[in-house]
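By written order: A, B, C and D. Residues from 1 in each chain.
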Amino acid sequence: MTCTAEGVVSALRAAVAVVIAHRDELVRLDREIGDGDHGENMRRGFTALLSRLDSEPPATPGSALKLVATTLISTVGGAAGPLYGTAFLRAASAVGDATALDGPAVAKALRGALDGVVARGKAEVGDKTMVDALTPAVAAAEAAGDDMVAVLVAAADAADAGAESTVPLVARKGRASYLGERSADHLDPGARSTALLLRAFADAAQSDERAQR
Amino acid sequence: MKKIINDPETVVLDALRGMQAAHADLLTVHTDPPVVVRADAPVARKVAVISGGGSGHEPMHGGFVGRGMLDAACPGAVFTSPTPDQIASAVAKTDGGGGALLIVKNYTGDVLNFETGAELAAAEGVEVRSVVIDDDVAVKDSLYTAGRRGVGGTVLLEKIVGAAAERGIDLDGCEALARKVIGQVRSMGLALTACTVPHAGEPSFTLADDEMEIGIGIHGEPGRHRVKAGTADEMVRQLLDPIVEDLPFESGDRVLLFTNSMGGSPLIEMYLAHGIAENLLADRGITVERRLVGPYVTSLEMQGMSLTLLKLDDELVELWDAPVNTAALRWGV
Amino acid sequence: MKKIINDPETVVLDALRGMQAAHADLLTVHTDPPVVVRADAPVARKVAVISGGGSGHEPMHGGFVGRGMLDAACPGAVFTSPTPDQIASAVAKTDGGGGALLIVKNYTGDVLNFETGAELAAAEGVEVRSVVIDDDVAVKDSLYTAGRRGVGGTVLLEKIVGAAAERGIDLDGCEALARKVIGQVRSMGLALTACTVPHAGEPSFTLADDEMEIGIGIHGEPGRHRVKAGTADEMVRQLLDPIVEDLPFESGDRVLLFTNSMGGSPLIEMYLAHGIAENLLADRGITVERRLVGPYVTSLEMQGMSLTLLKLDDELVELWDAPVNTAALRWGV
Amino acid sequence: MTCTAEGVVSALRAAVAVVIAHRDELVRLDREIGDGDHGENMRRGFTALLSRLDSEPPATPGSALKLVATTLISTVGGAAGPLYGTAFLRAASAVGDATALDGPAVAKALRGALDGVVARGKAEVGDKTMVDALTPAVAAAEAAGDDMVAVLVAAADAADAGAESTVPLVARKGRASYLGERSADHLDPGARSTALLLRAFADAAQSDERAQR
């Protein structure tokens, strides 16, 4: 199975729902080691995305991803806005004008996203950021073969584990780093939102696949 | 959570409308995207001095927009960096041909959003420079962290650079001056209570009735460590000693002392703390030549204070004393 | 109780010392008895405008001492009227031959202490007049009660009378002007939290997380009634309606709108509330010509706000706009 | 028995101790229906009195009472300062230059005090103020005969009852009046302090009497 513009859009709609459902959780996580706005920042951005998906339906997977990027950049703010914005911008470049994405294309998009986040934020694995979720996700995606659904599920599973791995870490980037040692024993909100997004994409792809069978 | 608001989602825009009503002589509020611009912008040939950041720190930055200080301020959501389109719009509305200097506080979000905003503005043909202020000595600085935060020193920086721009100093000069100020200003804060972000609904942390957080920032985030709240003498010393030792400030230095309320602590306590800080500096042979006391860089209703020291010379004293006409700082006009 | 103080007994004197350090260009602090006097007092032939009251309302009154406003302020203990010797000393230090006008807020303690203070000063041969401000519409007025309290309107009164005295208006003229202002200014306040008087150690009252007190004064005393805290729209209406209906303010009136924080409520909320009040007044056909927004008449760290409306005419607008140079209000200089 | 300057001074020292011991109670009462400073105001005033009694020992009962008046006026502030100040000033005038006070002289002093408070504060019985304690105290004192100790004990007993009578009242004077109906069911702090002072005077007189027997 491959993923068309329609598939990307339905995955994005699923992501919107997940972000809204987890808004309070992300706020709480960010209150603990940040400034308490991550859930609201993401909700604001993805709510804006929803209305743009309705008013400007994208024609290709790439233009869908670009729409996500520009929307998040102009509505999220904070650290997450430019980081996720750049991630989706690079993902869009990676897929180019393709009308449908197979597994390797999705892996390439994820690789582009990770490169973008690292280029902007300069974080490494272990710094307790979204990079800790995205890095293993990309590796798993690249190892998962040709099936688009399998790639996304592998990425989501790895992102979950990667996010969990941030709990014991002492933050070295972002606002949580101001807490020093006290940032340990908390899940990083950005790593959590990355894992949530990837899970939403994987779930959407799986149910599309089921529907098509 | 009890607040004088209608809806957490519209707080910033609702407050901006009130600000517009209160200060129509000084500033113009644009809402899409949100930018506070000085009433007579753009000023021909002048360097446009622009800042911004999350809301919730009022009067910073909107209260510093006006003659002799900022040309524009970009208010983000509460405690959330503004977005690049706000920054680009601020530049477009204030550029009078002299270019724009962006004053950015050192937070990942602010730095990244201002970076993109500057790129957008440069693409429109405006010469844009950025300086990043990181005056908070509570944060350990290292190549491998987000670095120090920008806090109270921001007000002093904006006042001084704003005065220079008003005098017609060019972009190179303003940028160099800004870097000089950043190099010699240091701050540190403490909190007695936490604050509640409207859309979070609950305090960012809780403190027992005898505890305080040392080394807090201005975003309701917890500080570096928690200690028993002592006397004002002890509190002031806990802020001032690390500041003085960091630069370091030394006997014979001339300084501006800025005693800042985090919002919820009353002015009587700020004057009291200020008096203590003046005495401690005198003991060290440091001469306080200028001062600012009050709630200027706040964290909503948080109780607590910060101290900022800026090393002065004749140039900085003159620029500090120069006329300023904004909602929050006003003299000489 | 967590406060940035050393000792509840020395809070006022400790803060006055800090105030002296911060504003030596504007004022001189005397400590025995405590009086804050403008730096260039006495001003020859000028009417000395003097006020005072309990501490804990900062910047009122010490923050209003300076050119174009008060000649002296007498700070009592926290929330406690000053004593007659302070008032007599303020008169002695500021009388330049033009006599003295005492601006007294209507509280039993203030009225009685100023009465005795005025007698002492008169015995020294100074011509002394007193006016009593009672602008709080929350209190039922009657011959058989202590009458209405003096609250937010005090700032506007002090500014306007101070400007008149600075222009050389004589004692009769200043007194008549003061009575005119008192006749057309009205206020009302609400609290979201209580405050803690340092020497009391505990809050004056407690409010549930969804309650507010309507009709509070400025001394941490409970208000007239307690209601569920609603939206900012509702809060502003609950203050503004009684104010407007009391005088009454009518369609076609020109007014000054003063949106005041009780201390602990952040400026972002004041701007938000101010915007709402401006709209409600516009709906009633009342023209807001001047405004003041911020924490000027506070109750320590109390969260809450008050609104004050002053009916304007050309004379009052001109005196409001006249130069003022004090720690808290500064323009035109 | 009569009361000399020495007796007045020892009664005043007893009053200082009582005011200090009841500071917190008076603060609490004033927090409930006022602004929470009455106990501290009284403590400040009577502590200042103590050091003046040491440094300027008065020669007659009248000069002792005048010293109290001037000290309280310049140190207490609030409503209580001028009211108690005037009370002691009028009491001093009432006793004149007498070197010793008998029962009727004490009653006259108390009458002077009450007149002074009413002249300044314009309160009537039932307004929920110190007048509610002082008025019955004066009446009882005037009815108690010649014995100085009996006069003070009668005054103290009546003041206690008068203070208690303020509990159900709705305040019509002073800061408590702003509360309207909500001022009911609270003891008036000024009435309480008046009762405490009179009790301290009566106790001191009784123990002086015992000592002299």
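What we mean here is this: a contact is a pair of C-beta atoms (placed from the backbone, for glycine too) under 8 Å apart; a residue touches a chain by one contact, two chains touch by 3 or more.
Chain-to-protein mapping (UniProt): A, D = Dihydroxyacetone kinase subunit L; B, C = phosphoenolpyruvate--glycerone phosphotransferase.
Keep in mind it's a predicted model, so treat the numbers as computed, not measured.
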Centre distance in Å when subunit A and subunit C are each reduced to the mean of their C-alpha atoms: 54
Between subunit B and subunit C, centroid-to-centroid distance (C-alpha), Å: 29
For subunit A paired with subunit D, centre-to-centre distance based on mean C-alpha positions, whole Å: 75
Set of subunit B residues in contact with two or more other chains: 78
Shared interface positions of subunit D, touching two or more other chains: none
Arrangement of touching chains [line / ring / star / complete / other]: line
All touching chain pairs, where touch follows the definition stated at the start: A-B, B-C, C-D
In the complex, subunit A residues that touch subunit B: 27, 31, 33-37, 40-41, 44, 73-83, 85, 120-121, 172-175, 177-180, 182
Subunit C contact footprint on subunit B (complex, rising order): 1-7, 11-12, 14-22, 55-56, 58-59, 63, 78, 192-193, 209-210, 212, 229, 231-233, 235, 259, 263-276, 278, 288, 291, 293, 295, 298, 300-301, 303, 305, 330-333
Subunit B to subunit A touching residues, read off their complex: 33, 54, 76-85, 107-109, 112-113, 115-116, 138-140, 144-146, 149, 197, 199-202, 204-205, 217, 219-222, 224-225
